[in-house]
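In the two complexes below, chain A is the common chain; its partner is chain B in one and chain C in the other.
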Partner chain A sequence: MSFTASKQGDITIIEIEGQLIVGNRQALKQMVLDDLEKGTRKVLVDFARTGYIDSSGLGVLVSLAKKIREMGGELRLANLSDDLQTLFELTKLDTLFQISETRERALESF
Partner chain B sequence: MDVRSAEQALDIRIPSDVQYIEGIVQQVVRRCELHAFPRRHLALNVPVALTEALSNAILRGNLDDAARSVHVHAEVDSSRLVLEVRDEGQGFDLEACTVDPTTPDHMMLEDGRGLFLMRRLMDHVERFSDGGNVVRLILLRGVA
Partner chain C sequence: MNDLERAQREAALAAEQLAESWEEINLLYSIGEILGRTVKLADAARTILTEITETVRAELAAVFVHDAARGLLQPVAVLGANMASVKAIAIDNDSSSIAAVFRARHPVLVAEHVVGSPDDGAVQRGALLAVPIIWTTPQGGVPLGVLTLSGRKVGQPFTAGDQKLVAAIATQIGTAIQIDNLVQASMAQERLAHEMQLAHDLQMRLLPSPDVVAPQATCAARVEPAQSVGGDFYHLFKLSEGRTGVLIGDVSSHGYQAALIMALTMSAMAIHAQATADPGETVVALLASLNDELRQTEMFLSLCYVVIDPAKGELRYANTGHPHAFVIAVDGTADRLTANDPPLGLGSSAPKSVARPWHRGSDLLLLFTDGISDARDDIGAVLGEARVLDVVRARRAEAPSRIVDGVFALLEGHMGTVPPADDQALVVLRS
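Here is the complex of A and B:
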């Protein structure tokens, strides 16, 4: 499992490969917080290559969304598989996040 | 890590370290796959619910103390998966944990979704004491 960050204009795109779970959620949180420190306010998390997410991973996304909004920015999500979409619906987090079907649509939505 | 496994049953004892979780999940999913569990179970229900049970055992039951261990017992057949995760903690009252993380008051909190997800993704969740604190999860395979 790993995270890859890249830039498209003023948007930071983070790809999560593998799982987002209790063992690595802190690494994702720190990566985004470091980016916010550098001035980034638009963050897109791309789940195209993500396996599963546990409650810790969901919790980190909620925490980051809150933090970024407080700083006047936006966290958006893209490329959820059907299983991940179900997870977000079960927890009603699909109502909290703006979720796009593709990375391109998510980038256009900022 | 001490591993004893038969064709269907799996017995693993691990130190209290969350880095062991993914490997255990893979072994249990593989066994469910051999018994033709539905794809959704393999990709969502089993990995997420088992990860929740293991992280609860490691972080809350054993207080992240690497000197303590967690024991996982899994039995799979063509009708169901039975998982037991045992830690060395004091246990907790499962029935008293009724917080709904989907309400507006709780939606923005970072924690509090683990038990909710176990209950939603498994057919049966119970806790009991048996030489330690045990959480038992049961998932029915259903019609494949």
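Here is the complex of A and C:
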């Protein structure tokens, strides 16, 4: 379970490897909050290498989306597996996020 | 000198030395006895001070114990002075000989003519002997406090022999302090475990008995919190005109904060379920009650509230982000009661209800939380929703209690000895 952050223009791209769960959600939150402190306003979370998200993980994504929106920015999601896409649909969280099929499309959407 | 004379002389010398050391040997023996039968540190320290002051003929003695949280040496026993007049000494106090002994872990003899530090004044009358109390571990010595002696009756300075004796006793007091620390920690642990058990029992008592919806419905339910208290719950309501209300909820995260949201939801729902007819209206009213709390705690609540009207052959539900809600038909078909809004606390404002047919006596309502479907085995494999549905389908003609038992048998077989990472709740109802 790890996060990697990279920059493409003014967009921060975060990749989550493995799981986003109660045990590592705070680390993700802190990483994004630190980035916002430095002035970033566009954040893309890429789930290409993410197998599982629990309810706490979903919560931190929503909490970050709210925070970024309050600061005039945007959080976008990309590359959800079929299982994760189903999870977002079943919990109706797909209505709260802009989700793209690929990283490229997500980057274009900002 | 022949051998016999030599032997007699050695025996006489040994007897003389033994007589001289008798008081000291007796003191050490007494202290061993005291520590063996006393549990309270202050009692042991006071008794030891009484014995030691008699042996070395001192009038004033004290035991200071390190209070790590405050960085102080706290007096726990004083002999020959009023306990209230002896103040705690900061371990970084440069003017205190007692603090210096604690820091250096070496005894100090302050001669009679040396003016003592004002911080040590309450336990110093003339010469002062201060000895560190050390707990010896395989990794080295840990300083626990300081033993002081003063007010020598014979008016002579303390000797190196006194210092040696007091150092030996200080080591024994170190054992008493360490035992006391362990006893206190163990008692605190026991109290905490007891309180957690009470909180668990209290939370379980908030959940209604499945019998409250009888006779119009037969229900079985079970909740297993991952910690002593959790955020998964259910509620059941016997409504007017033979209708039954069933709620399942999952507060994000678990533990005490989640348990608080759960308790608030339970009490608010008890009011709103009776005051509103439509599940959508009920959940809107519930959200109004919980909104502030959810916003402040940054928590959210996925729930599914179902109202079954068997006479009308109708089921109505409002689902805010709860993924595992089904109606199992008599032929085994599982129809998901799909969420129509995201979880409460994540932006939903006016959840609406959805209606579908309900076949009296044959349809089965199945609600469970992701702690069941996401449960992991010892290699990290998830149980999965499909396997839960398979068990329920296979047992669909049985009583709800048997179905609940079947699902938990599957769950326990899957998890083995792996502790649950999330709360688990399951409700099965026929009406």
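The rule is simple: the second predicted complex is superposed on the first by the 110 of 110 C-alpha atoms of A that agree within 3 Å, B and C clash if a C-alpha of one lies under 4 Å from a C-alpha of the other, contacts with A are read in each partner's own complex, and residues count from 1 in each chain.
The criterion applied here is as follows: a contact is a pair of C-beta atoms (placed from the backbone, for glycine too) under 8 Å apart; a residue touches a chain by one contact, two chains touch by 3 or more.
As the structure is a computational prediction, the values presented were derived from the model and not from experiment.
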Checklist entry - Is the arrangement of chain B and chain C around the shared chain A a clash or a fit after superposition? => result clash
Checklist entry - Thinking of the overlay built on chain A, is A:L96 touched by chain B (first), by chain C (second), by both, or by neither? => result both
Next on the checklist: In the superposed model, which partner reaches more residues of chain A, chain B or chain C?
Outcome noted: B
Checklist entry - First (chain B), second (chain C), both or neither: which does A:G59 touch? => result both
Checklist entry - Can A:L87 be said to touch chain B (first), chain C (second), both, or neither? => result both
Checklist outcome for this item: chain A residues contacting chain B in one complex and chain C in the other 21-22, 52, 54-56, 58-59, 62-63, 87, 90-93, 95-96
Item to check | chain C - residues contacting chain A, complex | outcome: 250, 252-253, 298-300, 302, 320-323, 336, 338-343, 346-348, 370, 374, 382, 421-422
Item to check | chain A-touching residues of chain B, taken from the complex the two chains share | outcome: 18-19, 21-22, 40, 43-44, 47-48, 51-52, 55, 59, 101-102, 107-114, 116-117, 120-121
Checklist entry - Taking the complex as given, what residues does chain A use to touch chain B? => result 1, 19, 21-23, 51-56, 58-60, 62-63, 66, 81, 83, 86-87, 90-93, 95-96
Next on the checklist: Please output the residues of chain A touching chain C within their complex, sorted ascending.
Outcome noted: 21-22, 52, 54-56, 58-59, 62-63, 87, 90-93, 95-96
